[in-house]
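Naming follows writing order (A, B, C, D and E), and every chain is counted from residue 1.
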Amino acid sequence: GKETAPATRPTPANPRVRLATTTSTENSGLLSYILPFFTEDTGYTVDVVAVGTGAALKLGENADADVLLVHARAQEDAFMAAGHGADRRDVMYNDFIVIGPKSDPAGLKGSASSAVAFERIATVAAPFVSRGDKSGTHVKELDVWKAAKITPAGAWYKEAGQGMEQVIIMADGLQGYALADRGTWIAVKDKTSLAICYEGDAGLFNPYGVITVAPSKNPAINAEGAKAFSSWLTSARGQGLIASYKLGGQTLFFPNYKP
Amino acid sequence: MTEAIALLAGGDRETWWTVATSLRFSVFSTLFAILPGVPLGATLFLGRFKGKRVAVALVNAVMAVPTVVVGLFVYSFISRSGPLGALGLLYGPGGVILGQAVLAFPLVAAMSYTGLQKLDPRYSETLLTLGAGPWRRMTAIIKEGRYVIVQSVLAAFGRVTGEVGVSMMLGGNIRWYTRTMTTTIALDASKGEFERALSLGLVLLAIALAVNFLSHLAVRDDR
Amino acid sequence: MTADARPAGTARDGEAFFVKSLSFRYERRVAVRCEGLRIRIGEAVAFIGPNGSGKTTMLKLLNGLIGPFDGSIAFLGRPISHNPDLRRRSVYVHQHPVLFAGTVRDNLDYALRLKRIPKSDADRRVEEATERFGLGGLLKREAGRLSGGETQRVAVARAVAAGADVLLLDEPTSSMDAESEIAVRALLLELRRSGSTLLFSAHDEGLVKELSDRIVRFDDGRATSDNQGDLE
Amino acid sequence: MTEAIALLAGGDRETWWTVATSLRFSVFSTLFAILPGVPLGATLFLGRFKGKRVAVALVNAVMAVPTVVVGLFVYSFISRSGPLGALGLLYGPGGVILGQAVLAFPLVAAMSYTGLQKLDPRYSETLLTLGAGPWRRMTAIIKEGRYVIVQSVLAAFGRVTGEVGVSMMLGGNIRWYTRTMTTTIALDASKGEFERALSLGLVLLAIALAVNFLSHLAVRDDR
Amino acid sequence: MTADARPAGTARDGEAFFVKSLSFRYERRVAVRCEGLRIRIGEAVAFIGPNGSGKTTMLKLLNGLIGPFDGSIAFLGRPISHNPDLRRRSVYVHQHPVLFAGTVRDNLDYALRLKRIPKSDADRRVEEATERFGLGGLLKREAGRLSGGETQRVAVARAVAAGADVLLLDEPTSSMDAESEIAVRALLLELRRSGSTLLFSAHDEGLVKELSDRIVRFDDGRATSDNQGDLE
């Protein structure tokens, strides 16, 4: 773009911020939507490295990222407790849903809770594709199985060990069920023949956090940039933009920063 | 390194199972890649037909196609809505083996062709003058170039053992079913378990090393 | 068979090769040029000339191993391209031959199999060749590991055993010891007497004098026969 | 196919940019892989030292190591907390090029070695008898075997152009910075955009094909 | 130099090769066995014997191209392993030689460079070799594409031009035409007169008679010299 308003755009000393995040924020299109505004407002460009949740945290631990945007509350807390992070803030949330064949062979619709829904899947041994990768989604799925007092095992339970998108695609290929986050689902759903079979359980809450990596870990960390990103994302402007991002007419993420 | 040894020696049942599965897939897919690959390489070498140049370049170029594209390509055939969907190969061992064979076959052909290239032209002339037909010439030239052929087979084995894209895409990395060394490694890497991933990489290297040594016993370098 | 009984354009009675207006080039340089040459069945013809004059190239052309060329070459009355007789009835032995992997015996057996000699006949032929060429001690040896002269001896034996009756031999005795050379000469004389056609290149005058009915001289690629009337 | 053409012909700026970036990375990394790889291959071929067998087997076996492991290995050096962290190569072009070079270098060495293997032993004997030292012998044998060397370089180029693991791991697939054809494809495939991924795969194949043809013009097959 | 001035165990005055209790095997078969052999500087020695008797193997052993072996071989008074004189002063030419990529001239130049002949000297030598071996027409030709005899001529020329004074030639004229053979023979005679040491294998009696001071006979791997007193 042309430098129409050079005076309004700040020029930080170290203008590149490196964000390690999970694939869901990148692939849902949220980051592509909000980051240009961030650059406009602050002068920072963000290098987005989209990886698995665990890998994102590991990159933070190794100081290879300046700031993280992830969704795995327990691991995030452990990360902070170990002193790897400087500051953690809630940013936004969406929810998990159970997807499956449109015909819904296990009859999940109208289940009282997610645990009940899972129980029905296990009862008819309908194919179920699990993330199996210790991601936030996987941890949540295991919680639900625990709540249903079921240890999933057998040929119907496919522990896939892949990313959210791939698991949805596999569930489609196998005509089975899967637990998915709504953001990724909305982004991918047109490529599948699946439908949402269960949603709305308060237990299926999926919160995202932004963590600035402790600057003391390495001199190369762009601490100012990380802070700027974290503050901007939790500012009224950032929160407003998150709320305004829609895909196919649907809101994907709900801002929830509380100072 | 120590972790790699610990993983295996410690008798982690799942690691051993994964190693065995990887080997099984690789051996079968290499086999299925050799069957068309070696004769194709030999035919490219012996043949004097139009479009030979194009064929050679094509076979060479296929190496640049990412494994995930090969995976997608095969996927379009074996997916439920694909022509071979009824066979139910997707997300099962059959799918992985088929995909890996499709991946390795041009490699085998290209490397066989290149290797045979350096064979003394008097061999094929002698075959011709003694009246060998196309089939005999092919088999004889494969025999003369067996050292080179084994090298190309080893390379193919290495390639399928080490690739991730096809195994992920067509096998689905399903635990106790289609999970291989490489998909485990990819999973570990995505989980941030970098040390474990590296250790498993070393195990893979050790396996490949062993296979290489064994093959040397079978066909000795005759220099 | 009489010439009259054949359709027009085929060989005269007993004509092995008929070459006309031949010209062959490796890349740009012309390596062989021949206005006309006729070689009759049963003839023994020596190709002589200095190094690089085109003898090897001509022998390979006559056996259809290299091409394409300008002009025409006929074998037994038919063009050498797509001529089934070529592979059935003639064989070329390299100046420095190569043997196949396996033993010397494997090499002989293989050649016989390629020429479709029935198994019963094959064993007899191998035995005969072994005796004639003094291969007794070599039969079980790995063929790729023989000395230069041994290799040449086996290669000639392989060609003879395969039973082709038109032999194209490129300096067939150049690496052989005196004894083998005498034995091979005697053998070639015998083949000639029994009606085989022999074309061979040589620098050795003794071989040329003893074995050839006729000489084709090569000079800087130009092949000319001593015999007039090769071209009508 | 039509979509592939449409993507390029339609002048999608990002696609073109990605193609150019891929090529840039591949060319440089192949270059850096050749520099140690070809001499190593030639040395393995000429040398008569202890442990040669092991070295050859090792170089061959490295092919079986998944690219993501190579990526992790290099990562452990160029991570900010690694020994080369200060160079700031991670998640930049430098990191990708380094990683790909590390990936391709054993391939170049192995293929050069195997190819040279079939070279007539009289060449190295002649060099020896004429008094060539190790360095001269190496350069002369590379010259004699140039056709084979070019083949191995092409294979390396194909390999780095088509690999995903290293580019992902060390480049981070950052848009307008380190995004390559293969990481784009991997991303598309993960988003379920199979047609687009396949189309880009075809583009990649076309590029590899072109490179193969060009190389044939440079070094003709002399059979 | 006098023998007395040297430490014990070194060569007698003018001793090129000294072989003792040599035995060499390819895999299991013994290919060469020699109780003792002494070759003086300036001698011309012919290696003769039937095919496969070990001539090539012996020449390669003497030039340090194959190994390991049992027994000892000394060149100019020192063991051939790690003997810098070996590469500087002796050269072996294959029975069927190969030339390097590039032109014939490139091949000559390259050999001279390897032997560290200064540039000024090199051009003169190439000219000389060209004339002596009649390479005029070949200099600019692609070396890999020459005929068998041409290749052999260039290979011998390359070795001679490189200025080694101990030449090991394996059937050096076997593929050559009469003219080249005469020229090469004359040249070798001249080299012998000027003090070079010549070891060559041959099946050609003429070459042996004309050129050799002495004969070493090979029989099934056993090398024995006509000259008594080789072993004290």
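Brief remarks on what is shown
Please note the rule applied: a contact is a pair of C-beta atoms (placed from the backbone, for glycine too) under 8 Å apart; a residue touches a chain by one contact, two chains touch by 3 or more.
As the structure is a computational prediction, the values presented were derived from the model and not from experiment.
Under the touch definition stated at the top, subunit B and subunit C share no contacting partner at all.
Across every pairing of chains, the maximum count of C-beta contacts belongs to B-D.
Shared residue numbers account for over half of those found at the interface formed by subunit B and subunit D, and the copies are therefore classed as meeting with the same residues. Taking each chain's centre as the mean of its C-alpha atoms, the one that lies farthest from the centre of subunit B is E.
Per-chain Cα centroids separate subunit A from subunit D by 35 Å. Subunit B and subunit D have centres, each the mean of its CA atoms, that are 18 Å apart.
The distance from the centre of subunit A to the centre of subunit E, each centre being the mean of the chain's C-alpha atoms, comes to 78 Å. Centre-to-centre, using mean CA coordinates, subunit C is 48 Å away from subunit D. For subunit C, the set of residues touching two or more other chains reads 96.
Multi-chain contact residues, meaning those touching two or more other chains, occur in subunit A at positions 163, 166. Listed for subunit B are residues 120, 189, 194, each touching two or more other chains. Of all possible chain pairings, those that touch are A-B, A-D, B-C, B-D, C-E, D-E. Contacts from subunit C toward subunit B in the complex involve residues 60, 63-65, 87-88, 90-92, 94, 96-98, 100-101, 110-111, 114-115, 144, 158-159, 162. Residue ranges of subunit E in contact with subunit C, taken from their complex: 26, 49-53, 56, 95-96, 138, 145-150, 152-153, 171, 174-181, 203, 205. Residues of subunit D that touch subunit A in their complex: 79-81, 85-86, 88, 90-91, 172-175, 177, 187, 190-194. Per the touch definition, subunit B reaches subunit D in the complex via residues 53, 56-58, 60-69, 71-73, 75-76, 110-111, 114-115, 117-121, 145, 147-148, 151, 154-155, 157-159, 161-165, 169, 181-182, 185-186, 189, 194, 197-198, 200-201, 204-205, 207-209, 211-213, 216, 221, 223. Within the complex, the subunit A residues that touch subunit B are 51-59, 61, 129, 132-135, 158-163, 166, 170, 173-175.
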